[in-house]
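Just so it is clear, A, B, C and D label the chains in written order, and each chain counts residues from 1 on its own.
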């Protein structure tokens, strides 16, 4: 068994430096690596490129890094919930690469899997396809898309063990499972670090081989973006 | 003329037994409320859930269980959670049978634009480009005209495209239409709406084979 | 909820006909769809192309179909445990396409995922690469490989429910999880068909959307190929 | 001269702390028995298991838990099961740190052949082609010569290749060698084996920088 537990979030982010490319799990605010983001705000690391489906909201998630102008470039599929983001983008302070969500997921998965490139129909005939190789398969046009390259992946899981095995809860799995193992160093923060051997080997969502460092996060706010409910009768 | 719920109600009639359905944000979300109860179906949300149920009761919201609109939801028996890559395997792999989404513009050749107004609004395409590039069966739910009264059913889209030649059917507050090789074919009129009114509100080629029945909703 | 339970293996194989291309899960004899194979022997369907990592042994698994000369072509990565296979292959009765195991898995996965083609380094510079497009990525040569096309996928799971959700046990997951959803019709046979709602949505290995028909298998022999044990002290 | 266990023992010295290791069938399987107990490592088997343990006690064999050699195995705490696609994500994605496998032939440029003897033996490559095309760190475990006494360390492979220019080190019954740009570099002699014997048994270019130490196993 290989032990990967680190003592603190600061140790987990060891080696993170200005100008790096990072993957960050989460969909909206669901399943985001809250502790890693907070630590990045604290360290003031800057000029980073973030591969993340969304950009947080103004005062939470990646929005915290945007406020501090720590992000140079965002690679995302949907950024609609963040006014500061829109302002920085329209003013040109922030570079933005918007790509289809499935392509985003698969480019992570490809990086994880040693697949340098693949074809997908998403975006053909649109701005997304401009300047990209295209090719017909089965009578339909496809774009050639490449695996991402990233220095760190920050993912957040529900439970994990010291050898890096991860289990997610509900839809908090999202990009976290695709990004684990897709960067040079994958850091997993978990709500609960459980003893090795207590997770059923059949139930592991991300095998530990995809994770280099793991720690138990301090607190999780888990903010809800759209609290929708129905009446009790 | 239909309100948003009316549009959703009309689209709900297109949902067949055994369908896996992906609903976009806005009017499409309302479709779930109007599907006949004897129809067996499941809702897929691209953030990683199959078998979505209604919103939770107050106090039972779980921040870890949301839909693609970031709304708190519940799941039904038989549900499953999965990662984003698997989710788009379902979508790109054409395992999702029906995609219902909103649009800013639809062209008579089936092109759709719904993600960007250059210089003004850039929210991103989310999963829409994957959905429209993959789904065999795409229904657009939208108002027939925009806030300025301009038609959203056009000869050619003026906004950046989300997908090309992909829309199959359109349900608006005025009509239910099919995209054909020769333009928008008018299938049904909304209750109380005349063919003339639909003509006036449609910039793209409109194919009318009288008589045009009124919707039965 | 969509119900997919069929009453019998014979109903599950409805539509299967001569000349079709099939995917069959399993690694060696571990996790093979025993009931579907037995039924194919019974119906005598012939000229089939099998996409399966292995070819069974002489008297079990796909070996049963080889005995009856029902297989026209095998697409596999390793066929070393089957003398009848070797005989038919060397005599030219059986067409054989041997491909790297990871490429086999990924071509299934690609079919499941609507990825028509992808690049992999496996097999470059070998017989496997002959006649295939190759291309350099990151200073390394890769081959272009295509998604499989198959009429049926027969997969075997431990537990499943009527909406097609599947859970596997141990290493019996193998190709079963990659092949589900990779053919026009996926048939799942399970050791235990459990009530809908009794499986934790977090623990599903194959979501039901990838399965069209499901049934509980009658008996499972689960033959062991290499019984290796260690002394008790 | 080493027996198979001796070869495995020598290779076990190459296993470093924190390594994920994939072991091929045959001599490589024996390596697991000889790794120093203070080394943290995990064994990956391409049929879908990480954290493999020893063979089960008699009566505890589970047909659903096997390794890539189809042998019944056990798992250790921290183990995980996964599908074949995920397994090769680990391999192709270079998450596996060390691959140890057998060979029929190795060439001085690092080419390896181990899956086919045309017209005579065709078992298939299994996962070997993925492993050798992806792994940064490949050690071959084999006898120095074949049953006819012919060298298996060649100028060029004569059999169909499994991979090109990929082998890094070789452990045989006679020697431990490194593949360099200029040929096989002799690093160590097996106990009691002379440089002369190794020379005679090696067809490919052999680089000898005397003195060649004897293995310490």
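Simple rule for what comes next: a residue touches a chain if its C-beta (ideal position, glycine included) is under 8 Å from a C-beta of that chain, and two chains touch if they have at least 3 such contacts.
Model, not experiment: these values are computed from the prediction.
Looking at which of A-B and A-D shares more C-beta pairs in contact, the answer is the pair A-B. Chain geometry summary: the mean Cα position of subunit C and that of subunit D are 28 Å apart. For this pair, subunit A with subunit D, the centres built from the Cα atoms lie 36 Å apart.
Look at where the CA atoms of subunit A average out and do the same for subunit C: the two points lie 32 Å apart. Residue positions of subunit C touching 2 or more other chains, listed in rising order: 106, 109, 113-115, 120-121, 168-170, 201-202.
Listed for subunit B are residues 49, 81-82, 85, 88, 91-92, 134, each touching two or more other chains. Going by the touch rule set out above, the chain pairs that meet are A-B, A-C, A-D, B-C, C-D. For subunit D in complex with subunit C, the residues that touch the partner chain are 45-49, 54-73, 81-85, 87-88, 91-92, 116, 119, 122-130, 133-134, 160-165.
Across the complex, subunit A is touched by residues 18, 20, 40-42, 44, 49-51, 75-82, 85-86, 88-96, 134 of subunit D.
By the touch rule above, subunit C contacts subunit B in their complex via residues 1-3, 109, 111-115, 161-163, 165, 181, 196-197, 201-202, 204, 207-210. If you check the complex, the residues on subunit C that touch subunit A are 106, 110, 113-121, 137-138, 140, 142, 146, 167-170, 201-203. Residues of subunit C touching subunit D in their complex: 27-31, 53, 76-81, 86, 89-90, 96, 98-106, 108-109, 120-128, 158, 168-178, 205, 222-232.
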